[in-house]
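Can you read through this structure? Questions will come right after.
Chain lettering (A, B, C, D and E) follows the sequence in which the chains are written, and residue indices restart at 1 in each chain.
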Amino acid sequence: MTPLLQVSDLRVSFGRPRREVLHGISFSIAPGQRVGLIGESGSGKSVTALAVLGLLSETAAVTGSIRLAVPDGDGPTGRQLEVTTATEKQLAALRGDAYSMIFQEPMTALDPTMKVGRQVGELLGLHGHRIPGGSRSRVLEMLREVDLPEVGRIADSYPHQLSGGQRQRVLIAMALVNDPVLTICDEPTTALDVTAQAKVLQVLDRHFTQRSAATLFITHDLAVLAGVVDVAMVMLEGHVVEAGPIREVLADPWHPYTKGLVATSRLELARPGERLPTVADHFDRSIPVQGLREVPVSWEHRARVPGRPGGGA
Amino acid sequence: MPPRVPLSVPLRLLQRLGVFVASVVVASLLVFLVASALPGNVAQVVLGVQATPEAVARLEQEFGLDRPWPVRYGAWFAGLLRFDLGRSYLTGQPVLDQVLPRLGVTSWLVGLAMVLALLVAVPLGMWAAVRRRHADGFLASALSQVGLAVPSFWLGILASLVFAVQLGWFPANGYVPLSAGFGPWARHLVLPVVALSAVQSAVLARYVRSATVEVLHEDYYRTARAGGWRTVQALLRHGLRNMSLSVVTVVGLQLATLLAGAIIIESVFALPGLGRLLLDAVAQRDLMVVQGVVLLLVVAVLAINALVDMSYALLDPRLRIERGQVR
Amino acid sequence: MSEQPLYQVRDVVRRYGHAARPAVDHVSLDLAAGERLGIVGESGSGKSTLVRMMAALDRPTAGSIRFRDTEISGLPERRLGFLRASVQMVFQDPRSSLDPRMTVGASITEPLRSPLLRRRAGVPADTRARLEEVMAQVGLDPADARRFPHEFSGGQRQRIAIARALAPRPQVLVADEPVSALDVSVRAQVLNLLADLVASEGLTLVLVSHDLAVVRHLCDRVAVMSSGRVVETGTVEQVWSAPRDAYTRTLLAAVPRLPLP
Amino acid sequence: KDTSGGHVPANSLVIGATAEPPTLDPTKNNAAAIPQVLLYNVYETLVRVDSSGNLHGLLAQEWQVSPDRRTYTFRLDPAATFASGRRLTATDVKWSFDRIKSPDTSSVLRTQMAVVQDVQAKDPSTLVVSLKRPSNSWLWNMSSTAGIVIDSQAAGDLAATPAGSGPYLVNEWTKGSQVVLARNPKYWATPPRVENVTFRYFSDATAMNSAMLSGDLNVISNVQAPQALDRFSDPEKYTVLQGTTNGEVVLGMNNRNKALSDPRVRQALTYAIDRKALLDSVWAGKGTLIGSMVPPTDPWYEDLSGAYPYDPAKAKQLLKEAGYESGLTLRMRLPTLAYAKGAGQFIQSQLAAVGVTVVIDELEFPARWIDVVMRQSDYDLTIVAHVEPRDMVNFADPEYYWHYDSAEFRRLMAAADAGTPQEYIDDQRVAARVLSRDAAADWLFLLPNLVVTTPNVSGINANATSLSFDVTKASVGS
Amino acid sequence: MKRAALVIGLVLVAGTVLTALLSLAWTPYDPLAVVPANRLMGPGPGHWLGTDGYGIDLLSRIMVGARIAVLVGVVAVAIAALVGVPLGILAGTAAKAERWPRLVADVVMRGNDILYAFPAMLLAILLAAVLGGSTATAMIAIGVANIPPFLRVARAATLQVSVSDFVTAARGAGIGRFGIAVRHVLPNIAPVVAVQASLAFGMSILSEAALSYLGLSTPLPTPTWGRMLNEAQPYAWSDPLLAVWPGLAIGLAVLGFNLLGDGLRDLLDPRLRESVQ
């Protein structure tokens, strides 16, 4: 089966003089596959996500290749679009339709001057989907699907009238309204409190299961990731340093950074008052990071950087 | 401690109105004092260079200028309450009768110039923002800068030289009221409006540009693009309204500038507007007219600022006060 | 509790503008010296509002807050010196709580140069020395004092904010979600730092978080807030292992855990 | 109808002018813009002045002066009627004159009428005016605003609705833009040829020129920026009439200033200024060099412009004699008028060359300048054009802002006014020479009258001898 | 392109300022001496820009004019900023405060609105009566007339800054209202004020031209660019260059200050600094 997304040797740099922030990463996502992307702040997760949909700011220079399968109605056509060279028009046709994205910050990601129902609804019309019951009913249905209460009232609300968790769910509704084959979720829950986060994760999980849709799920929180994805990549300083099935990565982290991450993520295990384990306990920053050249398409096996990984216990 | 009870909406409106009225009263006093403080004397102007001091004194008395200022202010203010701006010293006519026909001319001039400025500045500023890293965007920025650098009276002179004298497309100057037909009215206003709006367009374009740059950095803009809108579509659908807040503020701010600019444009194009009335009245120290016109301007600017404040809520739902709603 | 509590919060209400429901609704709390109090609750439950009033950065609409037997809720800024010298605050977002146009060193020593705090008992007089001391304490190189906030990572910036709060040697440290904006890899560092400081300086701590696990780690007592009210208080272990309130249980259940042994 | 742009309607004059009348009552306000429109065109006088400066009868068919020259008997034209159709009688003239004489009018014209003892309407067409003393200037003044005859029955709101006997009526007054005159259908004498006359007002000289160039005007009443006259040089399209006015541009010297009270200093300043070059620089060489307070259209005119040739050396010499060898500083307070500013700048530079430092200071005109210079005499030098006809008499008033105080001059002027017409001319001529000799002021130049018309317009005077822009003889070809 | 704006702006502004300074020491000809024989010469080797209707060298006049332009621009903007910005900060910080300061802020804002509507010309006439028509009159009148936009801009920016966490943090650190205004608000609103200042600078030069037309500014014979433009008006047909030179000078100076303002804003913007870090 052709993958939905095929990224090879993706390099992104910014500014003048050029500063490379992604140092050649490669991976692919098959239909229905749920891929996680973890890594510390600034490791290049968002840049990867934005590059995939061609949404990087114009100061970015992108090399390598990103190919998106172009679907036709229900399934992939076998045609692929090269994002790095595509026109804005070609990309716009795919964005929000077959490929969609959910951003981190629910407070600012919605247009404050437009009722949310309309913001969801206009995406239906934009991609030319004719809805039998009218777009309003589809919008309400979608809002219901993301577990929002009183969907009628919410559809007629402005973003500021909703809570953070509600807004994030509206954003999810916007991303999912056209039944995308791949949804990129860029830290969709970090801005939420624990209760709102739990709800949002539940909604996403249900949606992906029901539609057998693929996702690229970005977070720095392993605990969040564990409930959503099947396979995961670990990023560090613009490199993918480890990849494989999520259980294996968590159970037996191989890269010292991953080890540290797993250790710090288990806050509830620590005894109150006791010193918490940190990433730095496992991983020596002074050693240059080496990245994976490739992530196996099948994701069945763990992939690791050849040779000895840097420092740590 | 009892909780503070927030004012109800009608009460807040009333409060606002109260502030507005108080401002107008204070403004009227200030206007009066400044006008009275202007050196020179209308009686002398009326009687001309040959006048004897006795004649001047008699005329001053006739005008009531010999009374102490609180009395004069009181009389004027009492008139204001009846919408009576007093009578011009020079012509003996009610000031209001002089002001109203000219108010029309100036309103059209300023209003249309503002509209034109918006029509030019919004696309130009957006273009300059979207393409700011390209040569054409830089050119658009530079173009708006040039508009700032040319004095509007020269622009007016040049425009009338080229389009009226050389090409004969439009009348060189003068005004006909709208009641004389749309065509002639419009033809007479084209050049002055263009000349007046040039500077405004430039100023506005700069604000639109920076507001657009803000929008380009906004998350919701990125959301819109991720949803499938193209750059320009996203900007128009989701950027315009968000930008309008800062642009409206500037429009409100620029209005006073525009009124000042109108004085010069009205001279260059021989339009019978308020600006020229004010200029002539000041030159001749027809203080009643000066007071009337300036008070009118002050009230207009206050009213426009109040409108701008109110339009915020219209443009940005976050600023609306709703029952049972936070913030 | 035999001795007089440091803070006495009584029936405090705070209503914002025209809001229908107060953000903080008749809250009463006591805080003893040396105690470590956690305040948890979902977003919008009024946690920040409450601690801001305790730090006299906001005024209650009604109710009273006493610090060391002095009523602070109505005091004008110029008479708050004693409080400012004793109570310092760390905010949630390390990006926005530092002035982008001020060097880190200037930010940290700002409280020391404040006219309200200067020459108060306990507030260090030697600014330079104290700067180097606190920077070392939070694990920053004192040589970095001349750099600007944007040149630091999120974790580092939060350390800077903590250093700034420590500078005047306060007795009480109020931390409003100090780790929520941080990525997990640095979260542990900051929590460890706070734990160390509280222990070594004998600080009284008020820690706000929406994550009970964070509170459990640092605090001995916890107050659970919902819709502006305190719905449950108790020792951390008590609330953690046997929550009485239904809302507390939801909060606990919502914390994601790694599915590992 | 669109009269304000595009093309001028047939058989009409559209005249560009600079200042708009503030009111339409010429007796209440001294603004020159009022008689410009109304005098002779709408209001008529007993006598009028022609383009060479001579008096002719208008409403008066003829008049006799008594041997003691104190009684004037006018025979009014029996055909004369007001625009209302009512016959114009001696009673109306008496009413009009008395109105100006009346003590409760503050009009400046009252001083011109002050010499009148008594006005009597002997019968409908005979008017007898007796004066307190003989006065030549009185009759002259009667040819101007002071002498207009108002319809005593129709005099309501004269500020808005004139009631005269002239060939035109005020048809429309759009404030801020124009006054439109229409032919008086009941005019008692030869009706004028042009049907409608519009005076359009421009505060900006360039705007007026543009209007002419784009065909919105067919007459410019007086070009205000002579540098731009080249634009109208094509004789196929424009006719330029170059005549004289009564506007002497006077460099006034305050005789109360110690230095300036010394005739040698005044003469020195006069020698130090190259008036020919000044005229070229300031007014594009248009205008006339005069040398005293007399325009060439006055009967006693003689060319005195050569009396003080440009001679800086002589100027220095005179200053030295007067004791100002080491320099002299004078304050020049200028009205904000183009010619004054230009001339001031020029003069400052030339006086600097003879060791006189001029400090310039501009005063808003009219309000400030009149107040400071004319009322308070707080100045040393100033420049302004005196546009009234026959205004040399101002030098006879030592209180006038120049404070020129010469018994000889006063005596000559009094004698002139009281003398026979011939004595009037002779004495005025001598008086003008006295002024020149004393360098009472420096008459920089006489403002030109620069009228531009389209070639089909005729009957407009080149010289502006009165305050009227007289359109009664104008005609427009096709 | 951002750097280009800054560099071009700097070059133009420096050019204007240096010209002004140079004119104090040297001009090719006496900028006041009337030479009737040299009237209206075109540009040529002797007079690079030609001469005017009095035979005065135009280059010399342009150079001296730069002096007034820079002086009026700088002083007027300084007056406007020194009054407007503190009041704006006051109004901005007080808007969130208790009753009394808020009332003061309201009064300041309404007063500002009234001042804004007041024609600058009236102020200038009034001042001219007291001080005489002088450069100082024009500078003060233009400066005062420019206070309202500065005040508004500063207030809006202050409102934004004063809700930011670092201001709250500073209050928590015991910094009083004044300290916050000086140490935090002022530096953070500086970019917006810089842009406003550059806009106001250009406008001031043009306003001076208008006031000098009414005799309310620099007295004769000192050449200012505005006066040169006014004097060139009658020559619009015959010698258009007379207007072109001062027009160009005004244009370049205004352009320079605007570009400089833009460049400064970008330079002071932490967002942009971060990306070039």
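As a working rule, a contact is a pair of C-beta atoms (placed from the backbone, for glycine too) under 8 Å apart; a residue touches a chain by one contact, two chains touch by 3 or more.
What you see is a predicted model, and the numbers here were worked out from it, not measured in a lab.
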Partner chains shared by chain B and chain C (touch criterion as defined above): A, E
Chain pair that, of all pairs, has the most C-beta pairs in contact: B-D
Chain centre separation (chain B, chain D; CA means) in Å: 40
Chain D and chain E, separation of their C-alpha mean positions in angstrom: 44
CA centroid of chain A to CA centroid of chain D, Å: 88
Whole-Å separation of chain centres (CA-atom averages), chain C against chain E: 47
Junction residues of chain A - those touching two or more other chains: 59
Where chain D touches two or more other chains, by residue: 206, 364-365, 368
Residues within chain B bordering two or more other chains: 38-39, 133, 157, 161, 279, 282, 325, 327
List of chain E residues in touch with chain B within their complex: 1, 4-5, 106, 110-111, 113-114, 116-123, 125-126, 129, 148-149, 152, 156, 195, 199, 202-203, 206, 209-210, 226, 229, 233, 236, 243, 247, 250-252, 254-255, 258-259, 262, 271
Of chain C, residues touching chain A in the complex: 42-44, 153-154, 182-189, 191-192, 195, 210-214, 216-218, 236-237, 250-251, 253-260
Partner chain D, residues of chain E touching it in the complex: 32-34, 36, 39, 53-55, 125, 128-129, 132-133, 213-216, 219-221, 231, 233-238
Chain A - residues contacting chain B, complex: 53, 55, 58-59, 88-89, 92-97, 100-101, 103, 105, 108-114, 122-123, 126-127, 158, 160-161, 171, 174-175
Partner chain E, residues of chain C touching it in the complex: 52, 55, 57, 77-78, 80-81, 84-85, 87-89, 91-93, 96-102, 110-111, 114-117, 150-151, 161, 164, 168
